[in-house]
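Mind having a look at this structure? Questions to follow.
Chains: A, B, C and D, in written order; residue numbering restarts at 1 for each.
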Amino acid sequence: MLDRSSVRTDLALEDKERFESENVEVPGVILEEDYDEEREIRMSRVVIETEKGAKTMGKPVGTYITLEAPNLAVPDEDYHREISEELADYIWELIVRHDLQEKEDLSILVVGLGNRQVTPDALGPYVVDNLCVTRHIVKEYGKYAMGMEHANLVSAIVPGVMGQTGMETVEILRGVVAETKPHLMIAIDALAARNSRRLNRTIQIADTGINPGSGVGNHRNGITEETTGIPVFAIGVPTVVDAATIVSDTMESLIQALETSESLKGVGEVLRSYNAAEKYELVKELISPHLNGMFVTPKDVDEMIKQISYTISESLNLLFTNRTAS
Amino acid sequence: MLDRSSVRTDLALEDKERFESENVEVPGVILEEDYDEEREIRMSRVVIETEKGAKTMGKPVGTYITLEAPNLAVPDEDYHREISEELADYIWELIVRHDLQEKEDLSILVVGLGNRQVTPDALGPYVVDNLCVTRHIVKEYGKYAMGMEHANLVSAIVPGVMGQTGMETVEILRGVVAETKPHLMIAIDALAARNSRRLNRTIQIADTGINPGSGVGNHRNGITEETTGIPVFAIGVPTVVDAATIVSDTMESLIQALETSESLKGVGEVLRSYNAAEKYELVKELISPHLNGMFVTPKDVDEMIKQISYTISESLNLLFTNRTAS
Amino acid sequence: MLDRSSVRTDLALEDKERFESENVEVPGVILEEDYDEEREIRMSRVVIETEKGAKTMGKPVGTYITLEAPNLAVPDEDYHREISEELADYIWELIVRHDLQEKEDLSILVVGLGNRQVTPDALGPYVVDNLCVTRHIVKEYGKYAMGMEHANLVSAIVPGVMGQTGMETVEILRGVVAETKPHLMIAIDALAARNSRRLNRTIQIADTGINPGSGVGNHRNGITEETTGIPVFAIGVPTVVDAATIVSDTMESLIQALETSESLKGVGEVLRSYNAAEKYELVKELISPHLNGMFVTPKDVDEMIKQISYTISESLNLLFTNRTAS
Amino acid sequence: MLDRSSVRTDLALEDKERFESENVEVPGVILEEDYDEEREIRMSRVVIETEKGAKTMGKPVGTYITLEAPNLAVPDEDYHREISEELADYIWELIVRHDLQEKEDLSILVVGLGNRQVTPDALGPYVVDNLCVTRHIVKEYGKYAMGMEHANLVSAIVPGVMGQTGMETVEILRGVVAETKPHLMIAIDALAARNSRRLNRTIQIADTGINPGSGVGNHRNGITEETTGIPVFAIGVPTVVDAATIVSDTMESLIQALETSESLKGVGEVLRSYNAAEKYELVKELISPHLNGMFVTPKDVDEMIKQISYTISESLNLLFTNRTAS
């Protein structure tokens, strides 16, 4: 109802749902879903196939896989191992889609985006903290040092955010890619969801990289195959909702409630006679400018980030340093 | 308009303002204000003198001094030194009010409340990190070791939060007070404001301790003279707003706007005919239960907390380890 | 040969070995050993039974169990799970020895000693970071909230070091014990070994608490049943060697080598004619006073502390929040 | 006396002293000294002018300025401000020596070398934490946004260590330099001294970059003008001594003492008849192989690193974001 561009989500799934809730078909976009009842894991695969679909969705052409698991932030080691394995399978799916599975010694640069000093933005750095890097060992001693037939070269970097470095993150990464020539970049980032219910229970894997304006820290420039020269997979977990989004959504709900209210039905009649633009004007001026640059996050975000970052690093360790397991 | 108890602020100043905005006089409550134009520092002193005033304000009897300085989070060393000195003066005012100024060797336990792992809740631990503790030195070598005539005994503790310790914070502090017998406790805590404009530009000093339900982490039990046996001063900085508060405030504004809207005036007529309880019902059900336990905080909260915690620790260092300065 | 009191170890095993290397029997001290060849874990149990034995050993009467595992700092999840289980068994042995096994709702205070800011001293705080605390949940919801028949009440505290708090650690702990009345304290601490080979591959569990002068940070006052009122178990991992100890040991070796040298045999004859006191004088003055307050630690101490702290916290979680497993 | 190559120092001053203590002149090396009695700051400038001098000293041609201040780690704000200013002057001296003072908009990449997780190696990362970066602001808003006529473009990176990244640090830096094209790199690193007296009271500034084998973490590849394409200044603070160095030094002292001992004079006669190689053999085998990869560091290294890193970041802030001050 309100201006769609005013609300922000980094989840393709949420874009898709917006259209579905309004019964709009989106040409060039395919949605597949799967539900594992026993483990309560819901998988959604949004494939944006055409530029037209991309434009409608406001997200680039590519594959977006979302895992939703209500217990993602619960400390249960066995459950997390299962999620790690499932996540590894989907990353592998994207590797195959990009024809990288045949590389004898696949080299991967893992990038921990975000700001270690701001808890809900620290996901990327935490994943790198627990990552098993191997590039220097394989380079020095050969792959047999790893006790493996196929040795992937895993390297990792935590580039920091622009306020700390004075550089665009993509500048740093382009330089590192040029020097170390990995085949693939995997960027980990904390995301902004539109709906607070999605926080800390959702992981999105996409082969489209990080696009301008996404992430908790709002990357200004994209980190994509176009800007870095190699395929970029993005693993993201929504940890915040933009404060303005939550406020705008709630007002939208209030207006809807007023329109359909039995007890206040006179209000409904009047409101229904006004168009979207008029209502949007009304709402926009009520959103405090102080909310810009503010986000909403749960109080126990520290525990959640710790758990989920561990699940993701385990998944990458499983996939790349013990590939036979996958 | 809406139920006042549904919104939460840890700032006495905000409670006072609510009444003022409605032109309500609050008996038993005195407000003094002072504005330093040159340095843009606004001081407000709310003195709650009677139990009746306390009940109306929803805060205990005592003195609440608030400093507001728009540049509090800006990294300017000289400016921060000035704020530190001003803050020291007001803490000294409370010390005098409690007749502690005559103690030859005043002993102070500084308590860094909050969770170091969650950025907007880390204020207290950060203050303690930069505090100059002296109790062990004075105990071991006498006050002349400090090169001072009057040596205060400063001790400090970061007790952690209940989710980390399994204990109420007041249990820990009561035990430490019983063992080390300080004259005074100064508890530092991150607070929840009602208005996002107050974030990271406000410091409140109160002689009423920490009361149940206050602080970012919502202390369940009070940390007060009643529960610890010694006077407790609280230094607080609002770093978050409850997500439910922001949403509820915005809806309140929307309803007000609808009531007075020129363009939607039919709506206003209808709305005005409904009473507060009816409107509150309407709003309450729209606030997502997912917002419970969520807070709103600025993206650059890390820099702000770092700056302000440094200002507070400098203020305490100035006051207690170099008392002649005050 | 040199003055024994000049060298420092927190490991009862190392005290015992010194006597054994000189073929001295220590009355009142029993040593049992066990070696698990497959997993390369060596267990030693030193039981000091009499005050005479205690005096000779320079350690209080009690039981000291040491696990040595060369792979303790290697990141292998399955191996660590095994060590955690073994460690849990030995802690349980001490619980039984102290007749605490029958307590329906055993309440345990876990104490993370040491300084989080100094990597080799951060073991205790890191263990607490990963500990599952339950006291507040059991207190609030009853033990059935834990889904268990027997619910232990686990609480935890990171008291900090005297330089940060201005208080003796035992003052803080005595206060917390008086308030929360646990049955048992388990203190985790980084230790100083005498021999650098022991670093980061050894865990000592003792029922004698923490004694003055032990630990990386050199506790001035003991944390024992005598000073706290409840049994105190200590779990320690040697992470440093005192710099003066390493230097003194090496000089001792040099003098021994000179005494027995074939090529420098004139030296040997002369040296052998001097007594221990004369040689000690010679050595003492060569140890730089700058070495006081310095320690020796491995460069990869961060990885080691991370691994071992995780093994210990898992062991406590296994034992106390899932007791049927043990 | 012993093999010089067996001992390690990152301080040119210590190399120079070794020769001086033996009254050896080093051609091609100039030493200037200055002592500020009031502030107790000693400055030494070692200029290695020729390749021959470089070979003798074991350090590349260039200028090495060392400040020694016994109170460097003492928390005294005013004193630190003075050191910061002095340090800024010497960095400026090197800038002038490299003809960079005329650049209108000098762009500097500050590199925080070392491992944030290991306290004595965390100097570089800590300096970057408190650095004022400006490149992104000047790029976005022009230099007038900084309120200055001359705006330097300061950028910064904490590249991590090879064990965390799988990459040589110089690979990362070469990439970042190629992308962002700074005029000058300033690398901050924790150093190994030969003498424990030097720890945490010494700052070395050199225009020769970081050379292989230097630093606490032992960089394998150099970070120099040769490998990065731009001048590299290195600011280093010795925070550790190699454990093997301390042991070897002490044994050297013991042998010297034996040689000259009055009471053990028979020993001296014999020892003097043996040559350096024979004595070295004797000592070498006594140095435990366990000491490899170990370092000696003071217990209060956390406070020292915090103080000194702050002094260095202030110095850079003073110099580059407020250049008129220098």
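Keep in mind that, in the parts below, a contact is a pair of C-beta atoms (placed from the backbone, for glycine too) under 8 Å apart; a residue touches a chain by one contact, two chains touch by 3 or more.
Please read all numbers here as calculations on a predicted model, not as lab measurements.
Taking the options C-D, A-D or B-C in turn, the interface that duplicates A-B in more than half of its contact pairs by residue number is C-D.
Work out the mean CA point of subunit A and of subunit D, and you get 42 Å between them. Rounded to a whole number, the gap between the C-alpha centres of subunit B and subunit D is 44 angstrom.
Each chain gets a centre from the mean of its Cα atoms; for subunit C and subunit D, those two points are 36 Å apart.
Residue positions 163 of subunit C each touch two or more of the other chains.
Viewed as a network of touching protein chains, the structure reduces to one closed ring of chains, two contacts apiece. Chain pairs that touch one another are A-B, A-D, B-C, C-D.
Listed in rising order, the residues of subunit D touching subunit A in the complex are 128, 133-137, 153-160, 162-168, 171-172, 174-180. Remark: subunit B residues 115, 117-119, 121, 163, 196-197, 216-217, 243, 246-247, 250-251, 253-255, 257-258, 261, 263-264, 266-267, 269-271, 274, 278, 282-283, 285-288, 290-291, 293-303 touch subunit A in the complex.
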